[in-house]
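Two complexes come next, and they have one chain in common, subunit A, joined by subunit B in the first and subunit C in the second.
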Partner chain A sequence: MRYLRPKSIPELQEILMKENGNDYSILAGGTDLMPRYRTGLQLPEIAIDIKILPGYCGISEENGSIEIGALVTIEDIRKNHLIQKDLPCLSQACHEFAGTQIRNRATIGGNICNASPAGDLLPGLYLYSAELQLISAFGSRKLPIEDFILGPGKTALKPGEILVSIHLKNQFDNSRFYKLGLRQSMAISVINYAMGWSVVEKSISKLAIMAGSVAPTIVSLDGCCKSFLAMENDESIAENIAKDIFPIDDIRATAKYRQQVLKNLILHDLRKFPG
Partner chain B sequence: MVKNLLSTKTYIGQPLKRVDARGKVTGETQFLTDISVDGMIYSAPVYSRIPFGSITSIDSSEAQQSPGFIKFISAKDIPGENQVGVITNDQPLFADKTVRYIGDSIGLIVADNPARAFDIAKLIRITYTELDPIFTIEKSQSVTTGFIHENNISCQHKVIRGNVEDAFANADKIVEAEFTTAEQEHYYLEPQACIVTPLESGGVKILGSLQCPFYVQKAVSKVLGIPFNKVIVEQAPTGGAFGGKEDVPSEICARVALAAIITKRPVKMVYGREDDIQLTSKRHPFKLKYKVGVTDDGIITAAEVRLEENSGAYSTLSSVVSYRSAVQAMGPYVVPNVNIQSISYYTNLPPNGAFRGFGSPQAAFGHERMMDIVAEKIGMDSYSFRKLNIIKPNDQTITGQRLTSSVGAMETLKKSYNASNWGNCPRPQNEGRIKTGYGIALTHYGNCLGAAGWFMDGSAVKITLHRDGSVTVSFGLVEMGQGALTVVTQMTAEAFGIAPSRIQINPTSTEYVADSGPAVASRNVIMTGQAIINATENLLPEIKLAASKFLDCPSQNIVIENDKVTDNAGNTHCSFGDLTDYMYRSNYRMETTGWWHVPELNFNPDDGNGEAYFSYSFATHLAKVKVDTLTGLVKVQKVWAAHDVGTAINPAGIEGQVEGGISQGIGWAVTENLKYNNGLVQSQNLSTYLLPTANDISDVEVIIIEEPEPQGPWGAKGIGEPAIIPTGAAIANAVSNAIGQQVNQLPISPEYVLDLINQSKEQ
Partner chain C sequence: MIKVTLNINDFDRTLLVEPDENLLYTLRERLLLTGTKKGCDQASCGTCTVLMDKKPILSCITPTLRCEGKSIHTIESVAKNGKLHPIQDQLVKHGGLQCGFCTPGFVMTSIEFLEENKNPTESEIKEALSGNLCRCTGYKKIIEAVKAASEDMK
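What follows is the complex of A and B.
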């Protein structure tokens, strides 16, 4: 395997041009990539390490929108006050993410590009309408996250393209993240979700729930939210949750369990709302 | 002499810091992966990829073409016997006809580097005629052809006493229940590993990560067809074992030894995690069926118990597991009439074998769940019901063994119950989302090998005095993380009356002492401690004689204590170093050996009556759990763990064992869940085999109870296994208490808990 580590964007672009069509992987924190290499499943000929590219490891705010560089680590997001205040689902997700060592290496860009249905940052990113900035030797483009993630491990990333930053805006007065793993830490989510809501005159005016690990990609529980806002009963809300999701059996849990737990937790959350 | 020796207690009972702590904390300790030998080459296992079948061909031509290939070794290369079964001769070193599980060894690749060895091993082409594989106890019992061995029963034991039929007929209530428990992977941090160097003698020197050097010696001698004295086995610092390195290293070392002999070069093998978990033993899954008769006032009169164990492809140590679970099947309670059957069945899974507790945690799950279920049926609380039936001094166990001393069961029950304050807690409200529950579980663990292994229950030490007053000790059991080196140091210091800092312990090697049996069954403190006392007694008269000459006083005046040699009557004294220097110069004996074997046991295997073990450790675990009724997740909050250890040699070591045992018990009961698909392990590593993390383990309050054991050194008994035995049962009882439904299986997965909660809603 060849290992390349560009120090600047022009250098990266040159490499990407040259290696276009070759078998390469972008390497950020490596916390998804390295375990895969180890099992010998996906050993690319070339690893392009982007960790020391300048300019993509900061968090900033402009006009009420927050920008996070793709190379920002989970630990840095967890500790960031701006995020804690404005994008609580992200800091909560980072808080429950793996353990300290992994959090110090893993990046937000890796979490997005890995496109795992269980990725812990994803529900929050969907909730906050994340827009992804992609660049390549031929220019740049911006995509909403739901158009970027196409399926488990599948993204709209084109050959020669990388993710450089994420732009977020929280449209909700309140939001929170929930993760269920089979241990208290170092666990991949069996289900996770981000919930956002706004209250006007003591009643919920706006509600969205983005759920992970219950379908090939993050799903927005639209039917459930509509049902709740229409003040339907628990049964019909539960039915709507069931309609929104497509869980599967895997080594961590059965589809039946995922379905039931998501329903239990969301009904429990909704019951606490006024109205 | 013994009495005199035992009366002083200077170093015993002190929380001496672990003597091996520094190296392990700093990383200076060299484990096998760190060690290399000049000219060393590497090997990797070639194993069956199907669960059951016969081999039709083995083709190594592609492997032979690979760069780095040195040798392919298989059954036809074995000079001695192709047999490594530890108790039953049912396990070939290399399968040549039949393969019985995915991972069954067929050969070994030797190559010039480790990665290549593992890659080349995959190039050996093997064809099979596949047979219908058996994975469950039910199928193993029911098939009438296609047996895994001559038949599918791996071993069985029973205990029959009194008359259960009559007792059931006269009982006020009869309560029945069935339970299951799952596999557990040892998950020692260091995988299986060894280096074998061929010797000029025609023998081999083995350095291995292992628990039982004398097992390895015997296995290698048999496979190579050379005498024991040409097989030198030394234990390398070992990164955890828990029973997983009891018998398994015998086969691994024997294969590598064969490679070393054939290639005439040192050969190393270290398993990768995924191979280790697929190829090596686990804790036996059990099916447990209980029927208990009881009077209306809560006295147990009879028990009929059927234990069925999934032994996997080979019997390995199933026999010990089946024996132990049978004689401990009703726990530390008096039950005059019993019919207990424990049967182990072959299946096409990796062999299930030795694992901390040897069937006791499974049996404890059965009898302790049963105690709660019966108590509830007769309207008693689980504490009072246990108190009523618990074994006390001069009571008999279910095998009819009268226990006269060191019976701390009641103390452990009372102390843990009082410490938990459960009795004074208002019944938890348990209305909301999170429900709290408490559960008690007990064990009486038979120390050492018991009647089934009595013939090999002896251990040796050798103690050498140097002229400068330093001392070297060799013992036949091992340090594997449990703190053996530290307690052996303390016991030697106590026996001689000298400072622990004078004492250095040799790595365990077959070269230094005689076969001391296996380092299992919580036997190190008892066996090595008694052997140290014996060794000291053998030399002390000579030391005192020398001291009396040196200090010019009668030898009965000599006292060696607190690292000082004193004339009791006069005022003279000297240092131990001055004395040993004098001894050396005056040609006194500077070396002693010691030996101890357990007392003879009167036991009848035909009906399981008699003395099953010479001594028992008792323990109560009281667990407090919280159950999330929305998700089914169980969090063990605290365990109050009271252990009757006889005498605490090192209280800090005991705390460490108990905290570790409980953590491992939480793993078995709650988070760990080994999954197979057609005999292939699915949860191959830590991302899916969920060992508890620091956040998943509970607070532990260790309560040490000392009911001295007359046959134990300074009164001590074993702690290593009792530390895990009651944990799973206590948690299951606590979860049952929290949700008001009977937990009848381990692991207590969130999915299972949620199902139980749904059932209670439907009721």
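What follows is the complex of A and C.
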């Protein structure tokens, strides 16, 4: 393995141009790449370490929109008051994210670019309509997260392009994140979801649910939300949940279990709402 | 091999390391600091925890080359002049270990946690230690020891 450590964005862009077509991996926190490397599963020929790049490691607010640098660690997001106040799903997901040692190294950019169907930050990022800022030697562009994540481990990143920041806006009065794992910590989610809602005159005016680990990418349970807002009964809400998800059997759970438990949890949540 | 300089337990060390070498290997095999244990070697168990710039990290998934210029503290730096750190002292008093293999990791994670949180609740302690596994005795006595150490450190 060759190890490269650019000290500036232009230097990084030069490396990316030169290594275009070669087997490289970008190393941010390294908490996913390194265990895979240790167990001999995936060996990129070249590791490009971007952790010391200046910038991209802060959290700021402008005009009601929050910007998070791609190199911000999970622990920094967990402790950030702005995020606790305005983006509770992210804050909650960071509390349930692995353990302290991993949270100190893992980055939000890494969690997104990994594009795991079970990524714990992802449902919240979808709920808060995350827009991702990408740069390359040829310029920059912004993509909504649902256009960026294409499937397990697949993103819309072009060769030579990197993710530098995430822009978020919470359009809900309330939101929460829920994770079901086989144990409370250090566990990959069996299912997870983020739910956002607003209340007008004691009834739900707006509702969205983003579910993870039940399809190749995060899915928005639109049918279920519409069905709830139209005051349909539990059976048709459950049917609509089933229509939107495509769970699989894996080492953590069966598809059947995932489908049943997601229905149960969401119906349980919805019953607590007024109206 | 590549030259790297890092500060380990308050001493600057310059070493030649392999590009894919992890900090755990460098500590144990090159510097003979074997207090840091190798457990799963794939970021699941927490026994290889050390402090990098005062924050707990897993040395098994940290390439040594990424530690250039960083300060690393291992379990060997914790007791000062033969006197145990309060968390070590309380682990002994509470019997918070049996085989002791996971203990260095628990101590390193707890040290930073107690610096940040002077008055931790049980659930905060559990959350802080959630990345460390113990396969002998369970967690009750470890949690009690951390709580008692927080009182000692006031």
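Here is the rule we go by: the second predicted complex is superposed on the first by the 275 of 275 C-alpha atoms of A that agree within 3 Å, B and C clash if a C-alpha of one lies under 4 Å from a C-alpha of the other, contacts with A are read in each partner's own complex, and residues count from 1 in each chain.
We adopt the following convention: a contact is a pair of C-beta atoms (placed from the backbone, for glycine too) under 8 Å apart; a residue touches a chain by one contact, two chains touch by 3 or more.
Here the structure is a predicted model, which means the values were calculated and not measured.
Applying the stated contact rule after C-alpha superposition, one finds that A:Tyr257 touches subunit B and leaves subunit C untouched. Contacts of A:Ser185 after superposition on the shared chain: both subunit B and subunit C are touched.
Shared-chain residue A:Gly99: touches subunit B and subunit C both. Taking subunit A as the reference chain, the count of touched residues is higher for C when subunit B and subunit C are set side by side.
Once the two complexes are overlaid on the shared chain, A:Thr31 sits against subunit C while remaining clear of subunit B. Legend: residue contacts after superposition of the two complexes on their common chain; A:Met17 is shown touching neither subunit B nor subunit C.
Legend: residue contacts after superposition of the two complexes on their common chain; A:Ile248 is shown touching neither subunit B nor subunit C.
By the touch criterion defined above, A:Met231 lies against neither subunit B nor subunit C after alignment on the C-alpha atoms of chain A. When the two complexes are superposed on chain A, the residues of subunit A that touch both subunit B and subunit C are 35, 39, 99, 184-186. The residues of subunit A lying in touch with subunit B in their complex are 35, 39, 99, 180, 182-188, 251-254, 257, 260-261, 264-265, 268.
Only residues 2, 19-20, 22, 41-44, 46, 49, 55-58, 60-63, 65-66, 109, 112-113, 127-133 of subunit C touch subunit A when the two sit together in their complex. Those residues of subunit B that touch subunit A in the complex are listed here as 274, 433, 630-633, 635, 671, 675, 682-683, 686-688, 690, 692-696, 750-751, 754.
By the touch criterion stated above, subunit A contacts subunit C in their complex at residues 1-3, 5, 27, 30-31, 34-35, 37-39, 47, 49, 51, 75, 95, 98-102, 104-105, 184-186.
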